[in-house]
Amino acid sequence: MSHNTFGHLFRVTTWGESHGPAIGCVVDGCPPLIALTEADLQPWLDLRKPGGSRFVTQRNESDTARILSGVFDDGNGPVTTGTPIAIEIQNEDQRSKDYGEIARAYRPGHADVTYQAKYGVRDYRGGGRSSARETASRVAAGGVARKVLGEGIRIRAGVVQLGPHRIADEAVDFDAVYQNPLFAASEAVVPEWEAYLDGVRKAGSSIGAVVALEVTGVPAGWGAPLYAKLDAELAAAMMSINAVKGVEIGAGFGAAELTGEANADEMRMGEDGDPVFLSNRAGGILGGISTGQPLTLKVAFKPTSSILTLRQTVNRDGEEVDLRTKGRHDPCVALRGVPVVEAMAACVLADAMLRHRAQAGR
Amino acid sequence: MSHNTFGHLFRVTTWGESHGPAIGCVVDGCPPLIALTEADLQPWLDLRKPGGSRFVTQRNESDTARILSGVFDDGNGPVTTGTPIAIEIQNEDQRSKDYGEIARAYRPGHADVTYQAKYGVRDYRGGGRSSARETASRVAAGGVARKVLGEGIRIRAGVVQLGPHRIADEAVDFDAVYQNPLFAASEAVVPEWEAYLDGVRKAGSSIGAVVALEVTGVPAGWGAPLYAKLDAELAAAMMSINAVKGVEIGAGFGAAELTGEANADEMRMGEDGDPVFLSNRAGGILGGISTGQPLTLKVAFKPTSSILTLRQTVNRDGEEVDLRTKGRHDPCVALRGVPVVEAMAACVLADAMLRHRAQAGR
Amino acid sequence: MSHNTFGHLFRVTTWGESHGPAIGCVVDGCPPLIALTEADLQPWLDLRKPGGSRFVTQRNESDTARILSGVFDDGNGPVTTGTPIAIEIQNEDQRSKDYGEIARAYRPGHADVTYQAKYGVRDYRGGGRSSARETASRVAAGGVARKVLGEGIRIRAGVVQLGPHRIADEAVDFDAVYQNPLFAASEAVVPEWEAYLDGVRKAGSSIGAVVALEVTGVPAGWGAPLYAKLDAELAAAMMSINAVKGVEIGAGFGAAELTGEANADEMRMGEDGDPVFLSNRAGGILGGISTGQPLTLKVAFKPTSSILTLRQTVNRDGEEVDLRTKGRHDPCVALRGVPVVEAMAACVLADAMLRHRAQAGR
Amino acid sequence: MSHNTFGHLFRVTTWGESHGPAIGCVVDGCPPLIALTEADLQPWLDLRKPGGSRFVTQRNESDTARILSGVFDDGNGPVTTGTPIAIEIQNEDQRSKDYGEIARAYRPGHADVTYQAKYGVRDYRGGGRSSARETASRVAAGGVARKVLGEGIRIRAGVVQLGPHRIADEAVDFDAVYQNPLFAASEAVVPEWEAYLDGVRKAGSSIGAVVALEVTGVPAGWGAPLYAKLDAELAAAMMSINAVKGVEIGAGFGAAELTGEANADEMRMGEDGDPVFLSNRAGGILGGISTGQPLTLKVAFKPTSSILTLRQTVNRDGEEVDLRTKGRHDPCVALRGVPVVEAMAACVLADAMLRHRAQAGR
């Protein structure tokens, strides 16, 4: 991962600031001859885009992806050509306003202070480059990655914990996720969670959450020792998402409390002649390589740092100030993080697929 | 991270199998003129090496690092020359024996089955490449990284949870770590933990654990958006360590339960004119860039998968077998993971230092 | 160099096809606080753009660069922020027409046949991705690189051989280059060369050429052994330009005829206490590292492959056909290659500057 | 290419100095299940090793390669396992002596002055890291690459110009190369060349040369636009070899004198249904992608800089001195460069094979 590029063979470079004219990405290394149009990308972008419910920012963006290169229709419909796919999304609702206080003060919990420390300058309009708006580019790239992976690989995420409220592992239902405005992985919790999040929202506050991911259909053998372990690549990809503070694979932190007997997944022979596992504490990865079982991981999101409460901070003139972050914010940034988690998983897996094919020849 | 190389500018390539003639690493990109001898590396290797107590494997290895290149004494003592530093560690106690059953059967919880699936072949002697023995190379590289970082940056880790037993965050004392054979970050817990781990060991079982890391002295500004975020790099580095299943930065998964008010660290002006933070839920990183506060993270290790209990598994001939993994194993692999966690942090930070210097010029 | 990205720290990713809606690039890793506007890029693009004289293609493109990200004006004029700089250039004169024959036949000397072999599909409109139009993106990136390098480093190229006509090394005058439509590095040759190239053009033919490059102001110490040698990086960058078939540094192929006495540049002490060289057969590079002398290299361009003569070829249906390549072509593609050679050198040197700063701390 | 690593998927990292205890390399990313023993590497090393004739350095090295990892014999003979292959070569004849003058003075034409400028220190013993001794590691890695490529791909190089003496293209006979001590690509020239080089040698002088390379059996489709062009990768690899000052593909600099009619290779249909070319001015590469024709390139080597003549130079104390470089030197360093050119081509092609397989799936 090199600054604004991720992936080794399926490589995604993103660019753009929250209040600039546009954001976008370049997807390089995509295999050729994959059917691809903007209609393949838009549904994923629509899941992430703002304004969909009262639980997300009211910024008004259509998040329309436009493909500028890398796709060609030679008579049988548009397909990838193997050359870089540039995707662009216009910023449509970057409100011009007086950024006066924000331009100088560092919002607590935001990257304002660190960008200033690193670069000596920052685009303070809407968070600039550190805005979660950038994740739209990731979702677009993830849409391409899904096409590379094909329909046999199913990537699904959902909110499994909202602040103090959790969905038990055995109750997780990924089919429910996009059926409710909270992206909750269970219909049962929705009324209670809605009431809870309404309370948070009306208080001008915010709350953290945990997103779970499950990927089925990944064959055994993807990933590679030692520093390109599939879990290491996934962890980096997830940790690069705004507001993420933790990643765990399979049993994760829970594995710290397990004995070897309880943790190590036993095996029997499956009907197709491949090993099957009697449990999946490993989360589908052993030694950094996929086992053929579902990949499972969880991602912890911190609460949105933009809240209405007055907070102590400093500004770049070295003055101590108190700051209230007005604006159009998500009470729980993890909600719109769900399609982003899926997209990052898709990109990591597409890359792993190509890398495996390179070394192993299949 | 590319297969067996990690780092971008401070680059470490490791090689070697558990029962081959030797293991080692090549450290490339090291700045020149840094005083370095084998004596700088050995203390760290001694902390990780086997046989130090009854709580770790009894394999008998001196883990003596030999520097083969990249260091030159021009009259003022050996210094790095800017060229690659090759470090080699002989394997001394790779017992020749009949690997009969292990050669064919896949040990549950190990990478045997996935290496076989990926490569169609595996060096089954002592786990081959997937053995934790490889982490000695990381520790040697970490010793070089510490010299690059200098004494102002202090990197310390310790076990803060052993199975069900935890040390409260406020009781963590990193000074205690290398004073007890459990690498526990508190003297107070040692008697109880020793008794507990003796029980695990005598039962031929194993247990998971959590290792905490704290790094002080990192200036504000290291790391970089977006995919080279310092937390993403650290997460990948930690997740690449054998048996690691989870990583969290600062408040980590705990942040999922926090409100924005409770999570976002407020700021005031420090006496030296730099911002100071009134708390450190961020773990020293905002927007992927260091804040100047201590870096804090936790790493979850699963229990050693090699246990004496008979377990159900399969072999490469497609037969279902029951397997007991004899050998010289660690009852808690996380213990010797402590210096490895430190070493990986050192390498990531040395890389971040060089990358920051490249872009920001200081 | 990874498919469509080049550079390690100063990284340029380009995208776009000849007849798509636009082309562009993303420049990542640029140091912050460098004054940059579109006006800094346009003069270089104007030198490369088509339609400037009868000796270049008559395609009508303004080649207007638009910066979409990575630059921010915080009151003192626009400066780089350290985040990715996206630059976009609209395609304005991609003529809609019937590509009938070209769509199926492989133009001799072009990449049609190899793209088809590799990808099973190709965007045949105007050469698609393999069109020299892509080099506009390189020139834009080179404009950014020049700002990073600063005014102390002067990068100049020019045509020193046009088919059979050569300018002697001692007659090369880079100040002449942009004063004549042939980008010839000597005013004296212009009348003869114009007459010659008019003949080539009117015959519907084309001719090869050699472009020389000189860079002054590079300090000693840039570049690095062994595979990141400055000459290796420059060679790869030049060889990646369309139509380039050869690169030589300093004495180049001429060095094959020299004795050690004639080749190795002797040294004396300069007035400022640094070594000075009594000659520069090395072209400013020894052991892959800059000496402080001018960098000198030469690049051979093959003739434009699009000519009016009927040529034997095949098509993707496996038929043998005879093809005449009509269109708006450069009689000597090397002419517009001059600013491209300069741009690639600028990018390689900006990258080398950052890499050296990373490792050596200055 | 990153300092001391080259390749993207088939990655080679080399280390070691001329007079250190050993040199070596780590080959990462090698496909599994390829039969490999030290006996596969030694013949190539023997071709490069010193002491083979009066025309090469008399340093006495057996250049015995030892494989330390990445190969395992599971009953059917040793095969690669997909993990890193560490190869080590002991230095056996690094003579201890007083380096007095060389330790301080910069030998003209050598990297002494630039290493000192870059790093502030250098291992002056036998040229340290900049010694051509390092190329033994490349040759070992090339031996692995040849096994990856298989026997269908034939890689052959030879000297085609020795100072003023040239072998005409049509007289080049690669079968002759390893049958004569000059590695000349023609038996006919050997007597004259031997006499010539004896004269050079006895005079304590040296001479440059050109090495030609031909690779047959490369299928159409390897390489990739734009910055990973096969010619760009080859050019970088060749230019990274000690003493190389120029690289040309196919017609190379000669293409600058050709018209489009003379240069662009025409095509007809071959019997197997693939296009065949009526000439090969392209050197087997169009648009950076292999055509299926033989790859042809030439590499210019400068003369050995170590000569017996007294030369003007300076030392690191800033004094002007006159220096005669005694020692055991090659009168024409290009001779032993022949197997190095082959090895670098093998590594680049193995990498291209894997990259193509990754993207195109075959």
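Labels for the chains are A, B, C and D, by order of writing; each one numbers its residues from 1.
Here is the rule we use: a contact is a pair of C-beta atoms (placed from the backbone, for glycine too) under 8 Å apart; a residue touches a chain by one contact, two chains touch by 3 or more.
Keep in mind it's a predicted model, so treat the numbers as computed, not measured.
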Between B-C and C-D, the pair with more C-beta contacts: C-D
Quick one: chain A and chain C, Cα centre-to-centre, how many Å? 38
When the C-alpha atoms of chain C and chain D are each averaged to a single point, how far apart are the two points in Å? 26
Averaged over CA atoms, how far is the centre of chain B from the centre of chain C? Could you give it in whole Å? 45
Going by the touch rule set out above, which residues of chain D reach two or more other chains? 2-5, 14, 29, 32, 82-83, 115, 118-120, 129, 224-225, 360
If each protein chain is taken as a node and each touching pair as an edge, is the resulting graph a line, ring, star, complete or other? complete
List of chain D residues in touch with chain A within their complex: 9, 29-32, 82-83, 224-225, 354-355, 357-361
Within the complex, chain A is touched by chain C residues 2-5, 11, 13-17, 20-24, 26, 28-29, 32-33, 68-70, 72, 74, 79, 81-86, 103, 115, 118-123, 128-129
Interface residues, chain A side, partner chain B - complex: 1-6, 8, 14, 106, 108-111, 113-115, 117-120, 129-130, 134, 161, 163-164, 200, 205-210, 220-229, 231-240, 244-269, 273, 275, 278, 281-283, 285-292, 298, 300-307, 309, 311-314, 318-320, 334, 356, 360
